[in-house]
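The same chain A turns up in both complexes below, where it pairs with chain B and then with chain C.
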Partner chain A sequence: MTHNSRYSKYHPKWYRTRTPIFWWIHKWVHVRFILREMTSVFVAFYALVLLFQIRALTQGPEAYTAFLAWLKTPVSIVLHVVAFVAVVFHTITWLNLMPRAMVLHFGQKRVPKAVIAASGYIAWAVVSIVIAWIMVTT
Partner chain B sequence: MKKTSEPFWWALFSAGGMIAALFIPIHVFLNGLAIPFGWIEAPQYENILTLVRHPLTRLYLFGLISLSFFHWAHRFRFTLYDGLQLKHLHQLIAVLCYGSAIVGTLAAGYILLSI
Partner chain C sequence: MPTNITLEILRYRPEEEAEPIYQRYEVPFRKDWVILDALNYIKDNLDGTLSYRWSCRMGVCGSCGMMVNGTPVLTCATFMEKFLPGPIRVEPLANFPVVRDLVIEMSDFMQKLKHVKPWIIREEEQPLSQGEYLQTPAQREEYEQFSMCINCMLCYAACPVYGLEPSFIGPAAIALAQRYNLDNRDQGAKQRLELLSQDDGIWQCTLVGECSVVCPKHVDPAGAIQRYKVAGATDWWKSLLMPWGNR
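Entry: the complex of A and B
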């Protein structure tokens, strides 16, 4: 995905077959790849929701109540359900890639992939429980 | 080899991907589903304001929001290149993607400093 190849402009003298826009639709692995990349849209969506929520807090109790009311609208519910599925998909794909992207050593031995993957999932669980605890007790 | 800024953007993408993976799902679940459906009670205004005003919370929210935007910017940029075959527009797309993330970062910084 993040290669550094230099792309050249269209050059009529070179023969190149044109790739259709939906080249990825025919194979499930490619669809999965595009879906995974598209989870980032929902990550950004949620960063925006957080921004608007904090802005509502700066504007006073009425704005905060209005924000909570917006959260109950069907549009918000649908967006959040889709966003939840997308960000969980992001987390799973991200944590599963982690052992392949990271090479850790403990002394002379390489840390097994399963240990790295497991520690990612444990971190996810711990973080989620801590945030849920803070939100419920606030 | 030509020097590029790619490693810098990739580092932001990667940090954002990790932060988003660990922290965002629970926020979406609590705020977007559990509170509206009444499974848990929404925090009182004064309480959540006090929590958000805490320096550590501000730092956390700033990092979470900013890095999430940069994560999006990088992934979305390459999806447009590869998925939609828009390689010839690569400069414009890069400016728009990272530019949006920078604007989002500035907005987060401003709001969190003024709260």
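Entry: the complex of A and C
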């Protein structure tokens, strides 16, 4: 073999590629994955709104009225609509994962995946209805 | 029905070129041909210098994994008909160093496999006189899915986390660890959890989920990793709430 700086007998020159930063834009499944990960931002957004609401509550009626007025602004409404869609998407992906991450046994038998998934959705619906009922009646 | 179809194959000959190039080959199109048949046709009739791995031709050995039009597949189980009218782009498995043409370097994967201790670990070996370790069909079923892995590495090629963080233990190795954890004859779950709770283990996974989509044996490595995360988190809570308990 002739001498070659890039290739010697015992150390073949491997070709390596780097994963580019925008690796995810070529395939829809990867874009969906990034979107799902981004929903965490909106989960955090809801948590922040709640914290600001509690702060306004502690600062007295005036501050609370101002906070409620902000909630009614177009910016806030748009943000809430986007956040709601994102959080629903987040919840659905999470509940769909449940039967794969959780394996339960009932006696000797394994609980079917459909039952685990269904119980997640039912629990979600029940909790949502109870909260909605409390908010409407009080 | 076309009579010919074009394959664009990544060629990398380190003694000739610093960067890979794509070479086009026209092969006869036959309905019953898989990509591997076309590669063998090229090797036998058009260009004997083309390098690639293959062995069993029946989806068992796991040697012929390649990227076909950007997706990792077993070339012995992927019909050309699916890609009509072509051209079909064939590349080596993504995320691995390329040695030559379609041949990748797999020692990293081999080390990772060994790292997760994929064998039956006993706290105390039972003497031979006591006979074999018994297992009921129901106990076998608990891990059967994870034992179907043929080490074809398609899941590593599909995993962007492995692409970005090559230190990640990766889908197949973690699924294999789960295969032994769920085996009633094994007692090594604690040792493996310790290994896989490290930085390069289960928590690296962000659940892209593509490993399970490309798996030709329906092992569902993504599911295995998520189950492992649940077990890891449960173990952590237990040790926090009951530090006196025997973990």
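By our rule, the second predicted complex is superposed on the first by the 122 of 138 C-alpha atoms of A that agree within 3 Å, B and C clash if a C-alpha of one lies under 4 Å from a C-alpha of the other, contacts with A are read in each partner's own complex, and residues count from 1 in each chain.
Note that a contact is a pair of C-beta atoms (placed from the backbone, for glycine too) under 8 Å apart; a residue touches a chain by one contact, two chains touch by 3 or more.
The model shown is predicted, which means the values in this text are computed figures rather than measured ones.
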Exercise. Of chain B and chain C, which one contacts the greater number of residues in chain A?
Worked result: B
For this session: Name the contact category of A:44: first (chain B only), second (chain C only), both, or neither.
Result: first
For this session: Using the touch definition from the top, say if A:122 reaches chain B (first), chain C (second), both or neither.
Result: neither
Exercise. If you stack the two complexes on chain A, which partner ends up touching A:24: first (chain B), second (chain C), both, or neither?
Worked result: both
For this session: Could you say whether A:78 touches chain B, chain C, both of them, or neither, answering first, second, both or neither?
Result: neither
For this session: Would you sort A:66 into first (chain B), second (chain C), both or neither based on which partner it touches?
Result: neither
For this session: Answer with first, second, both or neither: which of chain B and chain C does A:102 touch in the superposed model?
Result: second
Exercise. Where on chain A do chain B and chain C both make contact?
Worked result: 4, 7, 19, 23-24, 37
Exercise. For chain A, which residues count as touching chain C in their complex?
Worked result: 4, 6-7, 12-17, 19, 23-24, 26-27, 29-30, 33, 37, 97, 100-103, 108
Seminar exercise, completed: Residue set of chain C touching chain A in the complex reads 12, 14-15, 18-20, 70, 94-95, 97-100, 105, 138, 160, 163-164, 206-210, 213, 220, 222-223, 226-227, 229-230
Problem set entry | chain B - residues contacting chain A, complex | 4, 6, 10, 13, 16-18, 20-33, 35-36, 40, 42-43, 45, 47-49, 51-52, 61, 64-66, 68-69, 71-72, 74-76, 78-79, 81-85, 87-88, 90, 104, 107-108, 111-112, 114-115
Exercise. What residues of chain A sit close enough to touch chain B in their complex?
Worked result: 1-2, 4, 7, 9-10, 18-21, 23-24, 34, 37-38, 40-41, 43-44, 46-51, 53-55, 57-58, 61, 64-65, 68, 71-72, 76-77, 79-81, 83-84, 87-88, 90-91, 94-95, 120, 123-124, 127-128, 131-132, 134-136, 138
